[in-house]
Amino acid sequence: MQPSFRHRVSHALDPEMNPEPGLSGLNVLVVVAILVMVLVGVLETEVHVIRQFGGLMGGLKLLLFAFFAAEYGLRIWVAGLNPRYRNGLHYAMTPAALLDLAVLVTFVTPFLGVETTVFRLLQMTRLFRLARIGRYSRAMNLLFEAIRSRDIELALSAGLAFVLMLGAATLLYIVEGDVQPEAFGSIPRAMWWAVATLTTVGYGDVVPITPLGRILAAITAICGIGFIALPTGILASAFSEAIRKARDERAHGRYE
Amino acid sequence: MQPSFRHRVSHALDPEMNPEPGLSGLNVLVVVAILVMVLVGVLETEVHVIRQFGGLMGGLKLLLFAFFAAEYGLRIWVAGLNPRYRNGLHYAMTPAALLDLAVLVTFVTPFLGVETTVFRLLQMTRLFRLARIGRYSRAMNLLFEAIRSRDIELALSAGLAFVLMLGAATLLYIVEGDVQPEAFGSIPRAMWWAVATLTTVGYGDVVPITPLGRILAAITAICGIGFIALPTGILASAFSEAIRKARDERAHGRYE
Amino acid sequence: MQPSFRHRVSHALDPEMNPEPGLSGLNVLVVVAILVMVLVGVLETEVHVIRQFGGLMGGLKLLLFAFFAAEYGLRIWVAGLNPRYRNGLHYAMTPAALLDLAVLVTFVTPFLGVETTVFRLLQMTRLFRLARIGRYSRAMNLLFEAIRSRDIELALSAGLAFVLMLGAATLLYIVEGDVQPEAFGSIPRAMWWAVATLTTVGYGDVVPITPLGRILAAITAICGIGFIALPTGILASAFSEAIRKARDERAHGRYE
Amino acid sequence: MQPSFRHRVSHALDPEMNPEPGLSGLNVLVVVAILVMVLVGVLETEVHVIRQFGGLMGGLKLLLFAFFAAEYGLRIWVAGLNPRYRNGLHYAMTPAALLDLAVLVTFVTPFLGVETTVFRLLQMTRLFRLARIGRYSRAMNLLFEAIRSRDIELALSAGLAFVLMLGAATLLYIVEGDVQPEAFGSIPRAMWWAVATLTTVGYGDVVPITPLGRILAAITAICGIGFIALPTGILASAFSEAIRKARDERAHGRYE
């Protein structure tokens, strides 16, 4: 028996209802449309782009609106087939569907400010929901499992880093505070320098100039290496462990 | 038999006396109070904050003083129950208790200088003492065990890095010393550039400008990658080893 | 029976035809000539070098032209011995041989622009083709195998990094856009800052100046650590796994 | 039988002749003296230090000269006891002893230039020779063994990084060469930017300013992450492997 048109739309739109593995062709199109929408949202904040490609952007937004409006309507229509939702209205009240609606509204009210961009960027969360299938889902689980298995070690190294950061900022506030009040005149100000140094970003907008300040800064920069090496080492061993465990579980399931 | 009030206070304040695992509710409050005190200590060095939130800060400090004074008194009162201390005075003479007292003194003598801030930041050591329980303690032991098991390898790579740093500074002092005497006119001055380059911080306040100087700086920057990769690799393998050993020991204990 | 001169030239020029392992002496010379050509190509873009060593460079280029022209002719002559090619013309039509010809043409038409340099740099691909033998080939396979075995995890961490980058750029566009329109006046502009911060490059040409902007930037810089630690950790575990697998396969082959 | 004074001096000075493990007391003193000499050599390049502590430095140098002269004489005297050397003169002709002599000469000829500093820094190589004992020696072997076991993989990732660097420099020379001729007007000039970006040092003295240049720079900076992650991952897995092998060898030796 052929599935009805409504069932086929449901299979194509809702990964949970899709009997076949992988993304349906329609959902691949949704992914592309979201990426285009994010790109348009990013580019239309730049006045030079608006001036040169304003017409093209307007056309693209019209197209995107039509596509997402149709897709939104279809999803409400088929939501009742998924046992998770009582009916279309029940689905429409979920946070994900409300966000979709909010994005549709931003398309037709062009005089909204920055919220437009923010709503559109939030649509990227849909990409993560769509990606939770097959190999991607396993890889995500592996990553999150590995990070979770070492959560306390990572929290401890973050705590250690925070103490180091506060200590470095306090020392430079004491040493350089009088010489460069604008940059080191308080601990919160010195924190800006401490973060840039410990993360090895090193903007260079603020640097110590006294000999003692430079010696302390050098020690801080060297500690920054540990600040990178510690979480990296923890994650590396956690991934090794998680991969080994996943392999053992597969072997266990095969032989019993 | 109900434990006396003094015993119950002792359980709540002293993790060593607490028959239940985890932090007591009172100690959670102590942790929060210390974090608030550190935040206040950091923020009150910034004149803009004092001007706008001076009253709020004053109130908070009064509250913190009352809380820590009461907690200090209670700890003296119950210290005798812990077999580690002969009586309250014996406990009051420990460095940890003397630091607590010093912090209380800084609250009531507002015209002290930077020592106030330093004493308050030192209070964060109490956080580490409180954290030495249960899962946190095991994670800390794992981290320290892993680092200790490779102490010589880490010391060697630090020594290698130091030699590299000194070599790079000497070469740039020779090459750029005459062109930029302010920045490279002596080896200690050139060290400032060498540290910033080898740790990949790269402030950019001091850069070589001669072609030879730039070639040497490029080689130094590339060596900096190894300076990061070496300790990271050592730590990663040490963590893998420490986790494997901890697992084996647990398995050993289970089967014998 | 002695192999004919044509066969011996084929052995020396074509690694696939060489009965002995390793690079032939002639191919070592080819490697050196390519490296010299790349060096000449790089240096001759610098007007100071041309002024001082113009004659030397001219002589070197003449020599290189003679060498590569002779080598090109010989390769056409012996190509028919390799069963992969029907005859010399068939070989001459392969992209690799056409690139070799293009490079020869750039030597005799000195008034070409930047294409000359680009063609010569592309010749470095020949180095990779020559390197695909023996131990180098195994090491390359190990590297590529390890990276491929974790492709989805690496793609996911790249995706996460991209989302982080877009989020940081959007927040700083909102917070600093009005204060520094040149640097943060649009999301694409703020992306330049976000990339420099998340990769811990930190040029420092663009930095936030408002307190809120700096707090967000500090959080971004700290996230940048994870942006480095995540792929490094994934690669470290992938290499461990790939080496272990290669060892097991060797052991397997030995004992069965 | 008591060993003669000459034998006891030999034990104390020459780690190869020392029947006991670890550094002799005299050699600990030598290590300290070398570190002091390096410190003096570094500090005396700084004119501010000379002005303030010139007398102290002079005294220290006199003391160091006396110590190293005596130590040099004793080493010549006892060299014949080590079967590696025929007699004192044979030892005195070794490069290490000649360097020691050169350093002694620099002490008594104060009007030498930068060579003084260089000779003194080269003395640090003696530290490495003295460190080649016991646990340090094993740790060094482990590090070098691990690095050597992956030498081709490391060389390949260095080659890849070099190609990336050259490619990035060429692209930015093409894109930004006309706009910023001083910074990107030739490939060698653009290389300075490329190295600073790929190593994530990011001095910021030279940055692209055109949109296309910035897009290419962003891609380069992201590739820089891989440039760090690849060797770090290779080293991490190499250390894991080397430690595992060392453990297995110890276990093997114990049970057979």
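Chains: A, B, C and D, in written order; residue numbering restarts at 1 for each.
We adopt the following convention: contacts are C-beta pairs under 8 Å (C-beta built on N, C-alpha and C of every residue); 3 or more make two chains touch, one makes a residue touch a chain.
Being a predicted model, the structure only gives us computed values, none of them experimental.
Interface chain B/chain D: under half of the residue numbers present appear on both copies, so the contact uses mostly different residues. The greatest centre-to-centre distance from chain B, using averaged C-alpha positions, is reached by C. Here the spacing of chain B and chain C, counted between their Cα centres, is 42 Å. The centroid of the Cα atoms in chain C and the matching centroid in chain D are 30 Å apart. Within chain B, the positions touching two or more other chains are listed as 188, 191, 200-204, 228, 232-234, 236-237, 240. Within the complex formed with chain C, the chain A residues making contact are 38, 41-43, 45-47, 49, 114, 117-118, 121, 124, 135-136, 139-140, 142-143, 146, 161, 188, 191-192, 195-196, 199-205, 227-228, 231-232, 234-240, 243.
The touching residues of chain C, when paired with chain A in their complex, are 152-153, 156-157, 163, 166-167, 170, 173-174, 185-189, 191, 197, 200-204, 207, 211, 214, 217-218, 221-222, 224-226, 228-230, 232-234, 236-237, 240-241. Contact residues on chain A toward chain D in their complex (touch as defined above): 200-204, 232-233, 236, 240.
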